[in-house]
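Look at the two complexes coming up: chain A is in both, with chain B in one and chain C in the other.
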Partner chain A sequence: MTDTVTLTIDGHEVTVPKGTSLLHAAETLGTEVPHYCYHPGLTAPAQCRICLVEVEGAPKLQPSCVTMAQDGQVVHTDSPAAKRMRQGVLEFYLVNHPLDCPICDMSGECMLQDYVFDEGREKGRSREPKRVFGRDDFGGDVLYYGDRCVMCTRCVRFMDEVARDSRLTVVERGSRAVIDTFFDRGLEGASFAGNVVDICPVGALVSKDFLHKARAWDLDHTPSVCPNCSQGCNIELHTRDNLVQRLKPRENQEVNGHWMCDYGRANYEWMNRPGRLEEPAAGRGAKRRRVDWKSALEHLFVQLRAGVGAEVKVVGSAAASNEALAALAAVAGEAGEVSSRVFRSPRAADEVPLPGFPLLVRRHDLAPNVDGAGLLGFERTGDDEAKGGLEDVAGHDGVLFVLGDELADRNEDFGAAAGLYVYLGAFDSPAARNADYVLPVTTFAEEEGSFVNAQGRVQRYRQGLQSPGSARPAWLVLGALAAALGGHGTPATAADVFAGLVAAHAAFAGLTWDALGDRGAALRTEAVHG
Partner chain B sequence: MSDARFRNPGWAGNTGEFDLTEADVRGSEFVGEQPLDGGHPGVAPSLPYMLVRKDPEAPLFEGPYLERFEKIRTRYPTARAALIPALNLAQELRGHVSPETMDEVAALLGLSDAFVRGVATFYTMYNKRPVGRFLIQVCTNISCNIRGADEVLAAFLEHTGTELGETSSDGDFTVAEAECLAACGFPTCVQINSRYFEDVSVEDVPEVLARLKREVNDGF
Partner chain C sequence: MAISVKVMRRPEAGRTSYMRATLKGMSLTFRHMVRPTKVTLEYPEEQPDLHPRWRGTHRMEVHADGRPKCVACGLCPTVCPANCIRLVGGEDDQGNRYPIVYEIDEFRCIFCGMCQEVCPVEAIHVGQHFENAEYTRDRFVYDLDRLMEQDHPVTLLWDPSDPRSE
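Right after this comes the complex of A and B.
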């Protein structure tokens, strides 16, 4: 008994594990067999009939999504019979389709558009008027255009099998069939319903938030990690005009499968928040003046070196990258005796698991790098709304660093007694009034970096937006400062900072920037639990 | 009950070749008025007639109906499988399957409300709106169409004074169009409640309606 089978697809011999579908076997050869109802994260009902392929010896064409590869099979995905069949199926799909691509959000990433463009008939032969449904608001972020629907039932199966909340169904039958909920009960309150928009192969289910906002071909896609909770779902930032337009999940079977939660998906406007700190400034209160990076860092370096030995307190952030936090810890360590390293981070009262994919949970911690901050020696302070807990820091008379915490609950007295107060942030704050240096840093979407998620997995995110003014990644600013203070080479990239971090922190031992790639890598278990 | 009432056009199977009554064909115990509780739970699902009087407010389910529902439940391996007969029972009792009925049946079987709606709307034999005492379904598919089904349908609409799919003002008649009723040998076929009327022509329509009226007046 062997565990593999060898078959021929379109004249190429291919060996695949037993139990591989013809569709997947063809994929290993780089051949995409058209499909609608099949989705790798769902069961396959083989009802869309577009993935039929010719198998020699079989009396009829076979659905490649559920036909398992067998030894010696000879399969043709592109034979005249298969092509003619696909053309026929596509013609049926277009009988009632409104062809409203010019106003459809899916246009440009639509599987119906793609397949018809590739293989469809030039003109449909149907002469009857098309039936018209209009659109239906499903509640939540989901809008349904029945006329565009190809009845693949991916959305119904997602709600049944993955969300385990069977709120969607096929109502009526034949050409009157539409997807719907139970009358006006809708999808409100469902925590993962936004995924039905992602898996819809056509423009039937669209996001209200994204409705008519941008064309698919105008969006840049940047691999990233969802920064809205400590699960760290792998996502893509879709950006246009230097603004994040939407978040989409990116497949990673170790973390989020094909999915992400609605909370994370909807929470991106803060990445586009205007009113940023754009230029470095020095001087307290009324004496604050704009300076350039060179002089800001030189003066800061001189002051830090002169004050070595002072007591240092550090306020970090669970939204900051490992690289920024490690560089901050290094700078603080070089500057003097670090008496506290804290961060504040919001916590939700509940967790929201995805029943059909138990690895994916919207976690208690609503910040991406709580675990990374912990591993890098930062302690949580404050309450579940990320307020309070900075009383002893506020009146500290030594050196004070604040990174990425807007200090929204503190007033202008914060840091008044500090000998040296350095504020690194994307936004100004009343509590930064006494800062000797206000240094503009980039946000999550404008820099490269890595987070440690709640599973103890280190994951990289990439730069999707250009930073405003001369804002710099915090790891670049602090890495340069730490290098100057420590007398070693200045890091030029996030990879350099990460390499230094791995050398300095045993928890990260064995990891390299390249090995993290776009999928991340797990920390050694003893580092997480030890 | 006189046998003459069921002469052609009348019950299914009356080809005119044999001198048979409806009672001869269906068995006398199944003809005529049904007990209000729908009959013994063991045989009720196979009774040819649905309950004559519907109560849209009837509870789901009580008394003998509860007994029948529980019987249905034991005959099927899963709740999903029992859904169609459960909806049948609800419609037999209430006359139509309203959103509230779907919701209640879903709760009884532990199914999602959306799934029940999907099944109820898939099958045309579930009335999603209230219908008259007599639901007149005229087949307009090929065989019947060749024999003038469109005219028969028009005649029913004219004589009952209703629009297609609507209920007459006295609440007695709802006229609807049906796809093939599987009686292509005897076109035009008209299904009235659960009875088939075959070989119906335009001239027969007033007589059929008069007979139905008589049944109402006789209290069945």
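Right after this comes the complex of A and C.
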């Protein structure tokens, strides 16, 4: 018995694994069959009736989301009968739909808008008054506009099957049917409810945070990785006017499926925080003055060269990319005897798993690259609030590097005794007062790089925002410095730094920047667990 | 195609009289002196009669209760070829979507009228208005209040009795 079947869809022959639905088989040919209730992450109730296709020999049109492909089947997704049916179904949807696209947040990415524009009737024939529900606050970040709902029940099934926290249901019947919460218990306090906004095919469920903020077509989408915990859900940054407007999950079955948690989704405002360091500066305290990058790096290079052999202490960050941390370790290694490499990172008391997709867990570590920092030789210090733990570093009298740690719990005495103190950060800090060099670096959203998530998966993120002033990615600054000190070529891209990192750290062996792509690649298991 | 050249023959200089042409021109001048046809206007005492489709500076329509009709749908900033409309949407205290910021830079505007054409709620209009002198340049960025205050007639981009020109 073979485990593939061959069928004909719209005149094209296609071979798919057994058990593939017609909808997916058509997708492999690039044909999208319209659908509402079907979602690849949920069960298929075949109730929206818009994915019906004509199968030769079958007495009626078949719902393509639940009809499995069979050998020798001849399917027409675009035959007159299928089209007429879709037009009819769409007309029924519009009997009560308010068509308030101008004020609807979904406008521009709405499946009803798209389908009606493609295939719908030019004019509706219904002359009845439309029913009106108004809107309902579901709690949490979710608002419900009942008039726009197409009753696909994706949201209900998500809460039942994936979140396993049944908080939504259909009440009433027929044209009076609406989605509702149970009495006064809404979505407040649920950990994954934000996903219902993503999967709602129309503008019935919208995010309060994003309400009226931007139009879908004005947003730029950048593939990225959620920086709010060490699960590293694949996400997209949606940006406009050089500000992150919202985060959306990006499908990756190895990490987060189609989902992301509400904690991660809501934590993006820090990427837009103003008051950044914009220009490099040199000199301690009152002697601080602006310098340009060239002279800052040249002077720093000369000083590091002269001081070779000194004891070096390094404070890194679990929010910094692998590239930045590896380059930092390389610079420190060239500068002298490295006696400590530490990072501090916040930890949550609990983990929050997604019951219906157990791979996805909001992890203890609320920073994206705790595991990468560990593999690159950095040790955790401080408490679960990312405080304390730097007592011996504060009074160190050799060379001191700080990257990406704002030292919020430290005062102006930090680093006073250091022979050379280099501070690389996005924000100024009182504890940077004694720094000989303050070098502005980009944040996660403004650079390319990679993180290692809690599963030992190396994942790339891309640049979504322009950096302010002359801030540069930390890997570029440190990579140039390491290259000068080590006498090898200056890296020009994050890919160059990553190649150097792979060569220098056995844990990353075998990986290439291109192989990481947008889905990431797993580290060899012995590197993670041994 | 081959290029052909036509050679013009003119009388030699000094062998032709311009008297006839001069008299013709003078007679026209005299005719206008006794029976003038006026094409200029005594502006500003006299105002020009603008064509219904004449497009000038904008005007925002308002509801009876004084709210702007705009629902901040974002279509006009999207369609505007000069990219001169700035819009920030929000929600007012009655739960209606409305423009928190709505600005048109009239210097950049090319008066194409597409904003009026695209507006789903007939809020923004180009107008029958051209007297826009100001003392400073920044006064040419019209904000929402200014657009709502305008009271000149709006442009008719299509015939209301035959909107599709059928």
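Here are a few things to note about the model shown:
What we mean here is this: the second predicted complex is superposed on the first by the 530 of 530 C-alpha atoms of A that agree within 3 Å, B and C clash if a C-alpha of one lies under 4 Å from a C-alpha of the other, contacts with A are read in each partner's own complex, and residues count from 1 in each chain.
FYI, a residue touches a chain if its C-beta (ideal position, glycine included) is under 8 Å from a C-beta of that chain, and two chains touch if they have at least 3 such contacts.
Values in this document were obtained by computation on a predicted structure and should not be read as measured data.
Annotation: superposed three-chain arrangement on chain A; chain B versus chain C shows no clash, the two fitting side by side. Of the two partner chains, chain B is the only one that A:181 touches; chain C does not reach it.
Within the superposed three-chain model, A:341 lies out of touch with both chain B and chain C [touch as defined at top].
Of the two partner chains, neither chain B nor chain C is touched by A:24.
When the two complexes are overlaid on their common chain A, residue A:102 makes contact with chain C while staying clear of chain B.
For the combined arrangement built by superposing the two complexes, chain A sits at the apex of an angle of 90 degrees to chain B and chain C, based on C-alpha centres and given in steps of 10.
Shared-chain residue A:212: touches chain C; no touch with chain B. Once both complexes are placed on a shared chain A, the shortest Cα to Cα gap between chain B and chain C comes to 27 Å. When both complexes are aligned on chain A by C-alpha atoms, no chain A residue touches chain B in the first and chain C in the second. Chain A makes touch with chain B in their complex at residues 166-173, 180-183, 185. Chain A contributes residues 101-103, 107, 135, 211-213, 215, 217-218 to its touches with chain C in the complex. Here chain C touches chain A in the complex through residues 71-75, 78, 89-91, 95-97, 120-121, going by the rule given at the top. The touching residues of chain B, counted against chain A in their complex, run 99, 102-103, 112-118, 121-122.
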